[in-house]
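To keep things clear, I will list the structure first and then write my remarks on it.
A, B, C and D are the chain letters, set down in written order, and residue numbers restart from 1 in every chain.
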């Protein structure tokens, strides 16, 4: 008999349900007796002891379903280690519930923030297995995260739509793509949709180079499309201290970087610049087939680890193999696009400008 | 022999190419000798004499293609009747080019602004046939415009994506839908995606009623979705004079109505409210099959009118019949959702709140 | 207090759940006390008394979901009026269950076969309200049925896919489209995807005319696409008695009409002809936004009729109005494409051949 | 100055245009003077000297376009090494045209058959660079081929559609998926769509095991979905000599394996079994974003190899790196799913039956 807890934490994304289905089908198909506790709304459920018992059939038909049937929350507190507003020690509360329910293991699906907490719980002695969920693909220790490819599909689709209207009106268009502090999503959606200029956090831009690229493009074509990461940053801003940059952002009159860029480009080139921000749509909707297969595979391997009693790992993907990665190798790190990534070189060969 | 000019004017939308293909195939299949002049970038092309000769094969494969192969522009002048910056009388210039090329007819695809000018040109003696293009479906004299259903599909898809993330996080989400001064697009996308609250210009809202609807919904469900038309308006604002309302908008600190609503709802209910604005994506991308068939049909009937020498009409759609509508019955009017439309009654039966 | 039964019968299609949701939301929002009995697997459920109690929340989130949560069956007996294999009188059994549960009304969703039985039950004295479900759009008394537009989308998408491969290989391709004995689905999908030849039951074809159309097309283009209705029929076969035609079909070595056409076209033109049959995919998957809105509207009007105690009607759609149509005006009739339909004329203006 | 020839051969697939665009943009952006010859309809164009000069702008907008703008053909002869019907030595003819145009290199996009010929031409002394195109993903020397992920998306979409109808009617459904002699496409589409049984050539099936799996599934669910590769094979047939198997296939009364399976399953289980064959739709339509990025990257690396004068390679993908693979390591080999592939193990953990 195994008693397993499960929760999904952080911003939701596509294929969370598919990944959980993979874990659950593997556990219930194993022949072993299983008790499954689904904690509601992320770590909150574990802290306050809110859960529901789950069976295999609760995951019937969810492979195509976006979001998470357990609900999620970004931790609704400053940090997990500080007491909550009633003075409750949150880490102790989680341990308390874990031991009270006599759990063998917690399965935790989440991104970077989630993994910090997961590693903390591991260090506190809990048995943890995690799965790498994020549309940002910024988790260390895995080549790929689920949600990413689905978000690429949605963002690409947006830029495709903008493409026809940009071409018809001969305009400069900025599409602001999610991705937090890394450029994976923007780079892939930008390349997939034939964007002319791609701005990502890993390559700080020079606004004059962007203006030049637009002027150059104008000689051959009536329109220009920029795929801009929400975390894109200018060379000047990249040179600021973290604190000064935060302050600058807080004082900015622009809702996001794209609007500032639009003004600057207009000033330098005289072009009329439009901005589109698909926003949260990028993390919603049915997962793409790639993510469904990928998440199912990771999930089944996580189930398998649990059956073998191997704890303390994130199930990841390296060089086309499913691997187990010690949680301490994941937590607190960020996977950016390396400066020497061949995809950057290839994008430049295709004529894409990074504004550098 | 017929000499035909053609132009697409105003914001582009889906199925413009499909509609032109319908006209062109009908003309070239007729056996009659045809010379086809495609004016570039809307009325600008007719004013400045920029055109290219078109053949049937230029429209091969365009039925699935978004945008317009002729380019478009919103009239880049204050009004068409005032001289341009060089003192050129624009109406005279259009007449000049029309007669110089010895045209038998101009085919003009556009929305409300476009039809005002088309009617003016008709009154000046030109032979005109028009086609009703707009995602807003606000053209008078026709039950349907092409672009509308494609935009409904895109906006619905956006709200579907938001649905999974709203449900997972238990949040209030506003999706701002296009539609200019009417609510057709928002109403249909909202109903199709199961939105809980739909705000449209035709039904001014009371912010307290919206807050009540959210509170009521909260008792049964963790999340609420609002589909808000870009032209939605409160009862107070609707009572203002047009001038005062314009002034208020100009002075508003909010980029659009949805952001103001988000703040107001937060204040009244304490809910964390997120806003997504799909924007121009709603007018881009490949037309949906409905629009392709519809635009093709309208286009072929326009071609047929030309072959019969019947001018001065918009080809529209009434009670499931393709009809010809005198241009003077279209120009300068707006087709809003009638107060007694049965679709409003049905939406209310389904439990949708309009904030009224 | 109202006691309502509901069932879905015949081949499933998109938006059945959306339509039921419309009925159910309207009933439960009305303030009246409602008991809702969902009979399983179509009329079988009513005959054998298999049902489950339904509440409003059972229809939460189903607007995007294909199929029917009640299950369906084509009547698994020769006719509804003959006793079943155990000698049970099926009509009596249905009446028995209706009266035993003290129902006020049965809501029945289905196509042509379903409506025959619904009308029979009405004539037996039961209170019936029906909704027009079919991808074929062949129900009399309504301009439109739900499922139709979703099926058009899927069939169009298939032909779009075939288009790129046909063009690349310079081939003749036949795509066989559903639609039973009428051509609505094929005609719309064919026009939407730019098919060159469209064959529908309403216009019997002459194989030599098809060959001619292919030869003519070959002069301008390397490939030809035929959208062929599963019910397409040659002039010779259309002249046969129904009995002789059935016999001929039964003896045919071809799995369907498209394969016979492929052989005949190859013989007459020497062209290599490929056949694709998307089949049941056309009735599956998530309903398109058009169908979701349409089915919701019909459903809410059906709920409204029930609340007012108006029985014996199908809720249909005529000239853009939701209407109630007496069941006896629907049952046993077929809505074909009229010979003088303007859409046929328009298709011919576009250069589409019907092989006639 | 570089003179480059290019051709696409074999069955077309998604992202051929995207891949060519990658090559062409890289070449024309390099600053080097480029002359580009596009041979039409595969090797036929090179044999008979049919080509058109191409420029960078010919590839504008093609990244989203399915098929190939150069056209393709399966070699329309028994083998490339035998003379054509007029006695023309085809290999000599290709060499003749290559040298006559003074080409520096041929870029050849194709699958297994294409690579045999490409390697032959390399051995004849021509400079060749190839790109791995096939929806089957069966090319040796690369982890991935373009077209594959797009085909997975389409096949998955089909099974998703069948899912709702199978569930509504409680039926057994077979969807026959392409993939030639390997199971990559079927395995991925089957896993993505939650198929219950997946039959692939690499794992010959036992019909009794399939019947058992259906019976077992029936206890928990009313329906069963089988994803069956077009190359699926029973254990008995796998034991036959190649010649005997071919003979058996030729004499079979079934159009494809799925129909035979349907009859066998019906006989063993009494279930009503339906078959859907999406066929050529799987290789058509717009490439998915994954394929667009992937093909663009491969294309730009191919362009780069040419600029560096490195010939005789296929540009492939190994362990997430773009690599160059000597043509002789690719030609004549087949990449099947290895018996010990972890994805097979994972699929079994999920409860999927392979009928073995």
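Methods note: a contact is a pair of C-beta atoms (placed from the backbone, for glycine too) under 8 Å apart; a residue touches a chain by one contact, two chains touch by 3 or more.
What you see is a predicted model; the values in this text were computed from it and never measured.
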item: Distance from chain C to chain A - Cα centre to Cα centre, in angstrom; value: 42
item: CA centroid of chain B to CA centroid of chain C, Å; value: 31
item: Chain A and chain B: spacing of chain centres that average the CA atoms, whole Å; value: 35
item: Interface hub residues of chain B, defined as touching at least two other chains; value: 157, 160
item: Pairwise touch network: line, ring, star, complete, or other; value: ring
item: Touching chain combinations (by label order); value: A-B, A-D, B-C, C-D
item: Sites on chain C touched by chain B in the complex; value: 22, 25-26, 29, 57, 60-61, 63-64, 143, 149, 152-153, 156-157, 160, 188-189, 191-194, 220-221, 288-290, 292-293, 296-297, 300-301, 303-304, 319-322, 342-343, 346-347, 349-351
item: Footprint of chain B on chain A - complex, ascending; value: 8, 11-12, 14, 16, 41, 65-68, 71-73, 154, 157-158, 160-165, 167-170, 173, 222, 255, 274-285
